[in-house]
Amino acid sequence: MDYFLELFLGGLTRGSIYALIALGYTMVYGIIQLINFAHGEIYMIGAFTALIVISVLMSTGMNPVAVILIAGFVAVIYSCAYGFTLEKIAYKPLRNAPRLSALISAIGMSLFLQNYVLLAQTCDFLPFPNLIPDFECIEPFAHIIGSTDVVILVTTAVVMIILTILIRYTKIGKAMRATSQDRVMASLMGIDVNTVISFTFILGSATAAIGGVLIASHIGMINFYIGFIAGIKAFVAAVLGGIGSLPGAVLGGFVLGWTESFATGYISSDYEDVFAFLFLVLILIFKPSGILGRSEQSKV
Amino acid sequence: MRKFAEIRKSLYVALWFIFLTFPIMVIRINPLEKTVEWRWMNMALVGIGTFFLSFLWRYLISKKEEGSKRAEEKQNEKISKLRRLIENRKIIAGSVVAGALLAAVFPFVVSLYQTNIMTTALIYVMLGLGLNIVVGLAGLLDLGYVAFYAVGAYAYALLNYHFGLNFWMVLPVGAALGALFGILLGFPVLRLRGDYLAIVTLGFGEIIRLILENWNEFSFGPSGISNISRPPLFGIELSVQNATVYMYYIMIFLCLVTIFIVKRLQDSRIGRAWVALREDEVACQAMGIDRTKTKLTAFALGATWAGMGGVVFAAKTTFVNPASFTIWESIIILCIVVLGGMGSVIGVITGAFIIILLPEYLRVFSEFRMLMFGIILVVMMVFRPGGIISGVRRTYKFEGKNF
Amino acid sequence: EDTVKVGVAGAHSGDLASYGLPSVRAAELVVKKANENGGILGSRIELFIEDDVCKPEIATNTATKLISQGVDAVVGHICSGATKAALAIYKDANVICMSPSATNPPLTQSGDYPNFYRTIASDDAQARLQVDYAIEVLKAEKIAVIHDKGDYGKGLAEFAKIFIGKEPGAEVVLYEGITPGAVDYSAVVQKIKHSKAEAVIFGGYHPEASKIVMQMRRKRIKAHFISDDGVRDATFIKVAGKYAEGVYATGPKDTTKNPLAIAAIEAHKKAYGSEPGAFFLNAYAASQALLSAIEKAGSTDYEAVTSALKNYYVETPLGKIKFDERGDAIGIGFSMYQVKNGNYIEVQ
Amino acid sequence: MLIIKDIHTFYGHIEALKGVTLEISEGEIVTLVGSNGAGKSTTLMSVCGISPPRTGDIHFMGIPIHNLPPHKIASLGICQVPEGRHIFPHLTVAENLDMGAFLRNDKRQVRRDVEYVFELFPVLAKRKKQSGGTLSGGEQQMLAISRAIMAKPKLLLLDEPSLGLSPLVVRQIFNIIFKINEDSRTTIFLVEQNANLALKIAHRGYVMENGKVTIADSAGNLVRNEEVKKAYLGI
Amino acid sequence: MSFGGLKALDGIDLYVERGEIVALIGPNGAGKTTFFNCISGIYAPTEGDIFIMKPQAGTAKRINGLKPNQVTSKGLARTFQNIRLFQNMTVLENVMMGRHVRTNAGIAGAIFRNRKTRDEEKQIVERSYGIIKKIGLAYYVNECAKNLPYGAQRRLEIARAIATEPFLLLLDEPAAGMNPQETKELDMLIQRIRDEENISILLIEHDMKLVMSISERIYVVDYGKKIAEGTPEEIKINPEVIKAYLGEDAY
């Protein structure tokens, strides 16, 4: 039973890591139906920026708590800036092009950003300081769940709730939903479609940066390639939950995390990803638009 | 006045990029040594570089917009000119002969290296044409195409290892296995739409790779299978040098066959059904087209070429291991199809040459290679979103014969 | 002017770049030094650096390219798979290829590749040492064997599993492959804990090793952690920090006191401003061995260089080495290291 | 209020509008009739900025709008019920109406307007929670019109509002158009195939052929015009 | 047939005789399109049966539960309320797609292009062009479907449906978006199709002038229930129909 619980919690943490990245993925997908392959790279850049800020500030001997806050803030700002620029350069000129062209453009951007960081920084793994102190109160359970895990879990939940509220109830949220369904009509209703799309990228990038900082401090190291693998997994999570749906992304992340965790725990980690993908296929066979995805069947 | 505004715009762009690249380009940290290095030079470079590039970018974008307007105005004219060119038998015959001659003497005028990478490129031409059936014609986004490639490669590797079968015997087996896997994998998932299909096929690609990686008894795991025999020429074993050249001719032959078949399929009843299916599924069903069956045919046919490509790959490299079949491989093949121009055979060929040969020739730029490759992908798509040779489908025209 | 042409091949971009780039730097440093001393045989040495992204099919292109450029010898490739694919081409062109990192045993043991040499121990040698140490010194009875599914890590783990199986009184309680690059390994770590292993033998590279060690220690698992040359790397200690303490790793004998090694590392720091990465010293030794063999042979002739490699010792950062009939280095003694106070210290 | 001066609009190389000039004054109902493919919808799209004219001017209340992006034009008080309805398929009926009021900030009045619209079309009230995409053709058309009413525009552009509606509802729609124009002095530009009805409520009308305006006259005169009768009224 | 709690179709009985033109009318949201969807296999009705009797075969066949493509191959063809053409294909190709179900060249045929396939291809093009000419679209034959005027697109949908060789044609609001003059032309077209091709027709339409002039019998539905049936004359004066659908001052 203990073992089960441990695997369950482990899967939960892993799942919320996927979820944090998947949230941005799904949001961008929702608005322009583009698989933003470079989303993982935004997350990687967020983590790198944070690490750079930390290193610089640490060398000045600043208070660690202040350092963490500043680093997180700067990482979010920069990720947003990168997300914004990315959209302007690689996606906006392709608004009316075939969707696959935009996908290739995204792949190109992903390659570019990886190698940009590789060349400007390093190919090596860099240690990322654990920013989150061990909490006293969970010390007795430390063998099951760590403080970083708790922080990641809570952040995922908070981010999801904030985003859901934003999209459900605010004006910009309404504009986002309208834009995602019918761009022409949205602009006829007075919505500035370009601004809305930029805003969505910025929002998605911000969550990616938050994810980047937390995940990097959970894993303890980063390099230029972390974005790609995490990006693919997050994409799977987003699809599993029903792409375009925020709670879906989170649920998809959890389901994926649990599948991997239990498959490893009870079967073998050799085939961990095989089980994850098989499970994905199974779910999609029974629910072709993901767990929480809306059915795409349009009325004839 | 206009000029001034332009300069100001570029200035803003430069400032923005200086800001954007500041942490990553200027500061280099080394957390191991706890040192921080400031590279102010880079900041100046970024500033100046983006300042000028932004002029170029805006110029090109405006050109493109104008171009798209004007191009279409002139399209008719252009098309008819092109058509006249194409329909001029002499020119066709001339270029075909020239191309054939060039292809025939190629290995004798260039180095072994050039022949070798050309063979690689030709393999990708074949893969691209195969994937083009799935993505370009039937509109099914397949990110796991590499799975069938792996099936073909391992089929040859294993049959050769265990039973000593040679290349020519396994080539049809590889094709058949590819098709079989295409049907097996396609069957449960083809009712999924667009991006859902993409992710599931991606998953299948990974599953196949992971199985090859983990199932040592079957596939020899990550260390792979080596010393696979090269194709024999009438039972004669060739030296590496000659084998490379031989391989080149085999690929030329296979590519010609592929082009022939793909062209024929494209212009057939089934080819039309694929295109229609891409346009509107509901209407297609109302026309009596069996959605699943038609999609499955496309999927299986695409996989057939991948299976064959795999056999050739194993014979050329003489070694297979799972590392050759990562998702990047699927992505590369997809890039070939889209960059070249979906649905266009010449486009796919051009795409394959660019995507495969470009990184090879970019070797001059060594570590900037992949960076440039990424930029080129983006720039190509931004300025030629329909691909290099945008797929002008051969539409059925009625030539007004009398009835 | 005639130059001696040396190729350097390996992964210089993509996800495995961090294992390939150090070898480029090693070769550059060695060649620079040699050229400063007037080159060899009176001619300058020229490097040809080619990327193979660790992919067999690209490696064949790389190899043909190097051959077309007329290289006399090659340092590389990095991954065993790519090396195997490329070797057939080098063999046909009579070019010697010396890898700093391809550990797959058949490369030397099968006899298929007479032109292949390496400055790293093959998997079975390392695995032997790890298993013996775990059982005899650490007295472990229950051992978990973990690998990264890669051709290096899994090769090692396979041998370790076989060797443990042959030892009475010891058993493999867990044999698992992990996915490199995954965001965390908590499930595997739980499984290690569940298996009550007293020692963990890990085959793979330092990024995964440090993640596993960190998670093990955070989950309060005290089992010994024994790993390989891919982990015996300063980065591992820096990344894993306090959790690295007590970790074992095998590696070539006592390089830290070797003045050549110290000098090589210093030179790297001076030239590139950072600690060298994985397989740096192996690549350094390989470059040195090749150059010295050419010098000894008096020409770049294949036969002559082959015989020089097999008959003359050369001083390298890894010690005094020459090569045996099959191409494995003699003189690269292997020993066990343990992290103590943030440094790998040789034990035994 | 709206002045269109010699606009030329292109789809790629097809010139859909070949110099259209027309004018609408405040408080008018003006109708545009013409056969299929004459360029009526294109004219409306040009006014809204979706397919901006390549040459020519459009002024709305004195402001040149031919270079403005669609959302800016909308914010000046122009709203369109487009051909093909363009309902947001995954928003519910209520949310679709809410989108109509996107630019409005008077929440209380908006709520009252929703009630008003539901009174006009009780069918919609019954389907409040149903997503727009699953409505029947006619229901969608009613929703599209209601959504435009929610925007409280100064100028309302209607593209074939009667399309797919039952005879009863068609008459009702025209009554509503008439009423909106009377009550809130909303200016209306109406494109309609059902020229009989359109000319009944319109003050003035234009006839369009092949991308050009061929006849401009008062509604009464157009109804009596022999050519119009024959070509568009089916009499 | 119901969606959630809503009963979209509630026990409708309807028959079409051979060679008849029958109209289905009713207020918006009455369930007419849904009825078509049930017949053509897009939805499966929860209750009730659909039978067809082919002109040649004597026995009735039950077709509910079949997939849309199977229904089409049995000889029912339809058009859509919201036009669904293959936008980027030419007019000719659109009609050629209709021939798909009546031809059978396979992969082997495509690759080897033997005599049979060649003949079949030729026959597809010729038959398609014949239909296009008959429908009056010959002028547009090589034009992309999306560039056609609305009315022509509607006619093209009909042409495409006829190409599948149906014995019953289901038309969903064929006159929508046409002006009175064009509607008149459509009227004649439909009658010609019935007479020349010998196809029965069931149509949904809100244009009463067309319905009254063309149809031999009319069914009226409201809230998924049939409220009346009869000849145009009977329907015109049926008080229930006037109240629910036509309005007081109609005709």
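Note that the chains are named A, B, C, D and E in the order they appear, and that numbering of residues resets to 1 at the start of each chain.
The working rule: a residue touches a chain if its C-beta (ideal position, glycine included) is under 8 Å from a C-beta of that chain, and two chains touch if they have at least 3 such contacts.
This one's a predicted model, so the numbers in the text were calculated from it and none came from an experiment.
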For chain B and chain D, chains touching each: A, E
Most extensive contact between chains (C-beta pair count): A-B
Distance between the centres, which are taken as Cα means, of chain C and chain A, whole angstrom: 35
Between chain A and chain E, centroid-to-centroid distance (C-alpha), Å: 48
Length of the line joining the C-alpha centres of chain A and chain D, rounded to whole Å: 43
Cα-centroid distance, chain C relative to chain D, in whole angstrom: 74
Shared-contact residues (touching 2 or more other chains) in chain C: 13-14, 149, 177, 235, 238, 274
Residues of chain B whose C-beta touches two or more other chains: 30-32, 214, 282, 367, 370
Chain E: positions in contact with at least two other chains: 33, 42, 80, 84
Contact set on chain D toward chain E in their complex: 14, 33, 35-37, 84, 123, 127, 134-139, 141-142, 160, 163-171, 193-196, 230-235
Of chain C, residues touching chain B in the complex: 12-14, 49-51, 54-57, 60-61, 64-65, 67-68, 79-82, 84-85, 88-89, 91-93, 104, 106, 112, 149-151, 154-155, 158, 177, 234-235, 238, 273-275
For the chain D and chain A complex, residues of the former touching the latter: 48-50, 69-71, 74-75, 79-80, 82, 86, 88-91, 95, 98-100, 102-103, 133-135, 147, 151
Parts of chain B lying in touch with chain E, wherever the complex brings them together: 261, 264-265, 268-273, 275-276, 279-280, 282-291, 297, 301, 393, 395-398, 403
Footprint of chain A on chain B - complex, ascending: 16, 19-21, 23-25, 27-32, 34, 36, 42, 61, 64, 135, 141, 188-189, 191-193, 195-196, 198-200, 202-204, 206-207, 210-211, 214, 282, 327, 331, 334-335, 338-339, 342, 367-368, 370-371, 373-378, 381-382, 385-387
